[in-house]
Amino acid sequence: MGLEHQLPEVLTTRLESAVGWARKHSLFQYPFATACCGMEYMATASSRYDIARFGAEIPRFSPRQADLLWVVGTVNHKLAPFLRRIYEQMAEPKWVMAFGVCASTGGFYDNYATVQGIDKIIPVDCYIPGCPPRPEQVIDGLLALQSKIQAEPWMKYAYEEKAKRRAEMERSGNPLFTPIDGQET
Amino acid sequence: MSKKLIDFVAKHFADEVLDSHSRLGNDTVVLKRDRLPEIVERLRDDESTAMNMLRAITSVDYLNRIPRFEVVYVLYSISKKHMLTLRVVVEEEDCTAPSIHHLYGAAGWMEREVWDMYGVEFDGHPDLRRVLLYEEFEGHPLRKDYAKQASQPRLDLLVRERDSVEEFNVFYKSKPSEGSRDS
Amino acid sequence: MAEILLSVVKIAVIVFGFVMLVASLMTLLGDRKQSAKIQNRIGPNQARFFGFSLAGIPHFLADGIKMILKENVTPAQSNKFLHTIAPGLVFVPALVGWAVVPFMDHYCTGTVQTLPQMNYTEVCVGGEWKNYFSIMHFNSGLLFAFAIAAVSVYGAAIAGWASNSKFSLLGGLRSSAQMISYEVSMGLSLAGVLMIYGTLNLNEMVRMQGNMFGDWLPMWGVVVQPLAFFLFFLAGLAETKRAPFDLPEDESVIVAGYITEYSSMKFAMMQLSEYAATVFIAALIAVIFLGGWQVPYVYADGIRFLDNHWVPFGEDAWYWISIFLRIGAMVFKILFLVWLQFMMRWTLPRFRYDQVMTLGWKILLPLSIANLFVTALVLAIL
Amino acid sequence: MAEDIYQPLDQDIHTEPMILQMGPSHPATHGTVRFTLTLDGEKVIKCDTEVGYLHRGFEKECENSTWTQVFPYTDRLNYVSPLLNNFGYALAVERLLEIEVPERCNWIRTIMGEISRLSDHLTCVGAGGLELGAMTAFLYALEGRELVWDLIEEVTGARLTVSYGRIGGVKDDLTEDFADRWAYTRGRLQEIHANTHKLLTRNRIFLDRMQGTGVLTPEMGISYGYTGPVLRSTGVDYDVRKDHPYFMYGEVDFDVPVGDTGDNYDRYLVRMEEITQSIRIIDQCLERMEPGPVNSDDPRVVLPEKEKVYNSIEGMINHFKIIFEGIQVPPGEVYSYTEAGNGELGFYIVSNGTGKPWKIHVRSPSLIMMGGLHHLIEGGLLADIIPTFDTINMIGGECDK
Amino acid sequence: MGNVTVKNVDRIKQTLWEKSYIPEILRGLSVTTSHFFRNLNPNKEKRTIFTREYPEVITEYPERYRGLHRLMLRDDGQVRCVACMCCSTICPADCIHIEAGEHDDPTIEKYPTVFVIDELRCIVCGLCVEACPCDAIRMDSGRHIPPSLERDEAFFDRDLLMELGGLSEAKQGGQR
Amino acid sequence: MPKVTINGTEIEVEKGTTLLRAAAQAGYEVPHFCYHPALSIPANCRMCLVEVEGNWKLQPACYSEVTDGMVVNTKSDRVVKAQKAVLEFILVNHPVDCPICDQAGECKLQDYYMAYDAQESRLRTEKQSKVKVFPIGPEVLYDGERCILCTRCVRFCEEITGTNELTIVQRGDSAEIRTFPGRELDNDYSVCTADICPVGALTSRDFRFKCRVWLLSSTDSVCTGCSRGCNIHLEHFRNEIQRYRPRYNPQVNDYWMCDAGRLTYKEAHEDRLLRPMNNGVQLNWHAVGEATADKLRRVLKDDGAATMAFVVSPQASCEDLFLAREFATKVLGTTNFYLGGKADGDSDDFLIEADKNPNREGLSQVFGGLDDLKTAVQLLQDLEEGTLSSLYMMESHLPFDSGERTRFIDALDQLDLFILQAQHRSDLAAKAHLALPTCSHAETSGTFVNSQGIHQRFDQAFAPHGQSLPHWQIFTRLSKALDAPLEYTFVHQVQKEMFPAPEEEDDAAQPAE
């Protein structure tokens, strides 16, 4: 961007925190709800827990308008390409929340059908455990994500950071992130 | 439970019946394969049986048994409130069964499911596609010789599927012990 | 020069100070806080200024900042030019219509006298009328409003088509069909009102609603034309694509309709113009049917009820008080109608597309024609 | 069918049907179904349903688990009413084991099952409102569901995925103040039920969308294997609870609501009435149940009490054998069926005499209903898919297994 | 015996008045508006707000709630678990990893040198608690599992789980 | 031949058969602790009591021989009562140790309790406490409380090894197994006592606390420790071998195997080479195949096949060796074979053989005798003389002493090309221009021929670690890269080629559940 280098430092930090503040309190969400967790997602959005209080109320079913992709529930190999495409359709800056253990790691569905965690397909910003998570856990996860968003550099799309992190993981030889056979190491 | 239904099948299709029992309250007839649609149609249309509902079709893979597969039909009569289980034996080499999609609307999808999961083909089914899995999938996952974790990702993923051994080694082991893992 | 300056000030105050403010606050207060109250929830309250939640208003600021900074996606296969101008085509008409909405009668430099015997006409004694409390004052104001509103059809249709998405296309088609259909009933239902008031000038219309039946019943549009009010209200709801007529954005069927492919500020403009249109329809209804800036029994020279006349606080002071009361009344009426529209939105299920068309063409249109005939008949007899 | 509708249109000006892919990630399809629609304007002339986007290998997982480990998987079949699945599965295995559970256990299963059914129907009715745009009705219904879930959590320890059923009993007895809490919840539920009626039942917009859309005939319903509220809405009074009573359903009074036209509105009404009936059943059960043991006394099936495990080698051995070997179920097969939220939930279980099931097939009502769904959709309008799909109440986990 | 009857649902006929939309819209509005105004009541007691403001107001979970695991302690503060692997055997998600080691104290003999729970795989079914023959693992900490920003933050190891644990009252191994 | 009726089933058995075996033949299981088919019969546990018609007393089935016309009941009420009583008696002093006992899962006490007892404890007194965690030998631990004094271990040491280390000391409820003073259980087969112990009294120190037995999967395999080729259950968990357990084969090893052999499983995991290396750089198989083919082509072009040495190893299976031969002769065109393998070690007259290579016999069969193969010493000589320009080596074992090995490694420097297929990282692998990882015998299947000339098939237990492959697959890959493909995809194709006679070996079949 370059703009941040031309502004005085105090101003940039102020701006940065303001932008972070705005982003974290205005999370339009795309609920990619597939399974049981969808029920708890409903419960979180409904009156008892009212996720609207955090500004994360408005579900936009068009990925273009969403900031936060909730992957709610199990993703299997049949569905995986759709998830990837939706993620790619979203406008930056965007965040991904893995809601529940199936989305995070595949949970106890460790078989031919299920993707073992959506982080195999798309980068994930926050993992919420629980099968399905209680709404309290979801809110905790949202708060964690909010503080993460607040700390992100302004005017800089999060994906750059994520791409960097991912590349680092691949380089570091973490076997979870090593390329499949057929590519150079 | 009376054995009325078993007797009915035995009376009209004596040659087809391989075995029958009514253990645990489930009247069960084990049948040969070929005349199945005829038997089912008779059971459906005869007034004394009136099996107008097909509850389920499934298959069982008895690995290492000959014949290896069994296709199970559970019939029910809404008016008479009785149930009959038909088990049809299917060889591994000739893994087909006759379709009964013309008798029950429900059979269409149930047969597709059995084909999808077990690879039992249904002769005469007009639309025998996979129903739960995707076209690219090779093999039939509920066969006993299909490994549970043998996944077939559709995406050209950058990262490979979870390798449980490596995950355990990376995350769980306090110290890397020698040998089993990479440098 | 001074007039131009004044116009600029008026535009600034009305469009940005009022319409945009109300419209954008509605996104928060109307849509989110109000629904929360209805649904036993609390609604947005976690974004705070120095620890104060301020009824969740900071959330609306956050929305704005975020929207501006969000990436603007133009789908690869869309028609880039049309895709880009469509939000403008929706947004501008929603604001231009406000040019003719009167917030108050013109200002009298002398003293005002109300003549109950002459249909409560107000005359300016010892001075002259100056400066209408609307951006523009001209005689075919209503026509202007309608003409401008009709333009916004194009925006939606173009947006739907240019996005090159099937859901968008369906949304665009739905919205153009729906808006065009309902404009017909909308216009016809007003014909009766026009007959009665005999003017297209909105301010004039409001003035005439200061009249009384038997000195106690205000001759508001809703009183003289109850059916037309009902029809216009429904058609207005449909025109602004609010629930239960929000088919163009029927989120459970066609995702987000014609705005499916819009992101960032373009999306915000689309959304905002919808809310602005809601306010605009509310203003029109208020002006035409609910007496606009008129407050019953309150006139520029005092309070008149039946034959009583009472001037509190002295005449000069009262004149100013009445001006503020009247502006306040106008604002209140608009807000009330907006509130009512939101109430409907959160109460009712959605129509089906063909039912909307049936309602528009087979019920509203015949009814408004009937209304026209009856009005004409009554007027002819009287 | 499709061709007939399409033909006459071609005469005038050249038109083409539009192919629209609805789903799998579409707000109306719960993320797990894809409709490939051929549209003529807004009219659906052909619909190809594709499911399986939530296929999680339920049956394969079960074959690789012990009999007890299957319970968490059954929770996630129809995840709106997990208890019904739990008990349905437990009943199937108990039939295979030929054991009886104590009477109190049956009462508890009846109560908890009906509570789960409440949650299922409330969700279905509410979500129907949501998808037709009546957000408020949905949230009121969810308020009711929250209350029901509070009760469930109180007893089972989890809101949704309870794993409460056990072979030969249930995991725990009811809590002591259960009856009091139920009395409170019951009041609130009836209030919410009334509010939903007020908001929806007689509303003309709602009626127009529900009546006459997605019509199912009884013949087709039976032929396609529809069961549960959907079949009952056509006037067929088939209800497993009535026709083949299990647990304590033979002991209590209740009505089986049936409709007559089989359209969306009837399905809605049947579900609304079943809410009332479930409340009635729970009331009777709570009144009539008596204290006693909740688990079977067969040491080969039920884990010994913790006290015995800690303190005696006999208990410890018993515990260990059940944990690592699983319950030994005699060889054989059984088809056992119960009335779940969406219809007849059947389990076809084959055991080869070991601690793990050889095969578990679940006859999931949702999957079977999806097989005939295109008949309800074709010929209607695009927007009719929404109420039809909702009143069918397809639950992904159950449908795709 | 129970009395089960079949009942036809009451499929209403609309009157002309009802067909005009108005009464039902008004009735619906009456429900929503009454909620709206009740919730505007300045007296917070009288509102019918259903929301639990979670991070500010924390509601206790019920006693049986299955939450974060905890490892119970012996009287001397050592871990109670003897690494019998029952929990990891019964765990359907295979999320418990234990490595056993020789304990210095011959009366204990075996203890877990590594005890890791992958909370992102745990499906909170509670089977591990039932399977534990030593009252070592419990899920009644009354806390839910916290979210994590990284995948490996969710591996809860022995010491972390022991911090939540308390003394167990259970007596072990007969009267010894 | 006497006829006997057991539980109503009449069968004819050979004379001298014990009741227990006769019942087994009739399909009835008689529970027993002390009886072991390979050991003498003391009949001291009293678990196998059965009712014989005409005898007022219950008879121990393990000891009583069948007589003609005998009518036996193994399930009568008296028997059941006796069984319950015996189990209760045994359990009286048994500690609540299942959680910490390695035997849990394969413990006969557990099995029999569930099958024959399943009643609650009536014990109201304190349990007798005895010695625990007693190191009775270097490989075995003893737990006195769990011991049921069946004396299988004592008899094993008397009758099988003849070393007589163990005996029972004390009396009554204080009786324990102990070694004679000044001795410990340190014979070469000591862990077999842990195998035959029906409860968890004797446990292997190596396997101690490593893994619960019910988690183990078992694959039929063959020990590679020496050329005896003892049959084993290869037991593994999460793709790691956890232990070897002897598998009954009367021709080879009966019920036993040696302690040294048991520990050879560690080789399969220690210091493995897991990725193909090209001059110290990790590559994947595709790239390394190309690189190898290039280098081989160049060397063959420059120097010809005559100067290429091909070292075959008796550590590899017959299939591997067969393809090695094919690859060397048909693809590379060399017949310059040398014989590798481990150096000889200790032996005894029971199971342990001096030849520490499992497949020397098989190698000799594949290559038509060992005479054509040059020795390793010859290889060293040739290398030092410089007559070899390239070296292709299977496995890094060579029967060298340390001096020879150093010389050998130094001599490697002058080679143009040195290709090594090996399981382990070693100094040789570091020197190799191309180091190709191979997998252990647990990760593939194949055939060994033991010193008695018996063909023994072993099965694949789990997938190869890392990117390692069996030798034969490496050869087929390389042959493809060299455009002279050896068309084998599955191991059974190789076997068909090798053993053309239709030999049906049931070992390979999956056991049905």
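For this structure, a couple of remarks:
When the chains are written out, they are named A, B, C, D, E and F in that same order, and each has its own residue count from 1.
Here, a contact is a pair of C-beta atoms (placed from the backbone, for glycine too) under 8 Å apart; a residue touches a chain by one contact, two chains touch by 3 or more.
Small disclaimer: the values here were computed from a predicted structure and weren't measured.
Summarising the inter-chain layout, the chain whose CA centre lies farthest from the centre of chain F is C. Chains D-E form the pair joined by the most contacting C-beta pairs. Greatest centre-to-centre distance from chain B is found for C, with centres as Cα means. Centroids of chain C and chain F (each the mean of its C-alpha atoms) stand 87 Å apart. For the pair chain B and chain D, the distance between mean C-alpha positions equals 22 Å. A separation of 39 Å divides the Cα centre of chain A from that of chain B. The mean-CA centres of chain C and chain E are about 50 angstrom from one another, to the nearest whole unit.
Counting only residues that touch two or more partner chains, chain B has 133-134, 141, 146, 148, 164, 168, 181-183. Multi-chain contact residues of chain C (touching two or more other chains): 38-42, 251, 255, 346-348.
Multi-chain contact residues of chain D, defined as those touching 2 or more other chains: 26-27, 52, 55, 57, 60-61, 72-73, 75, 136, 139, 143, 146, 161, 199, 203, 205, 310-313, 316, 319-320, 324, 358. Per the touch definition, chain C reaches chain D in the complex via residues 35, 38-41, 166-167, 170, 243-244, 246-247, 250-255, 346-355.
Listing the residues of chain D that touch chain B in their complex gives 50-52, 55, 57, 59-61, 63-64, 95-96, 98, 220, 222-225, 236, 238, 243-244, 332-335, 337, 344, 346, 348, 350, 358-359, 361, 363, 367-368, 370-372, 400-401. Within the complex, the chain A residues that touch chain E are 47-50, 53, 101, 104-108, 110, 117, 119, 124-131, 133-137, 139-141, 143-145, 148.
Residues of chain D that touch chain C in their complex: 18, 20, 26-28, 42, 129-137, 139-140, 143, 199-200, 203, 205-206, 208-209, 381-386. Those residues of chain C whose C-beta lies close enough to touch chain E in the complex are 34, 37-42, 343-344, 346-348.
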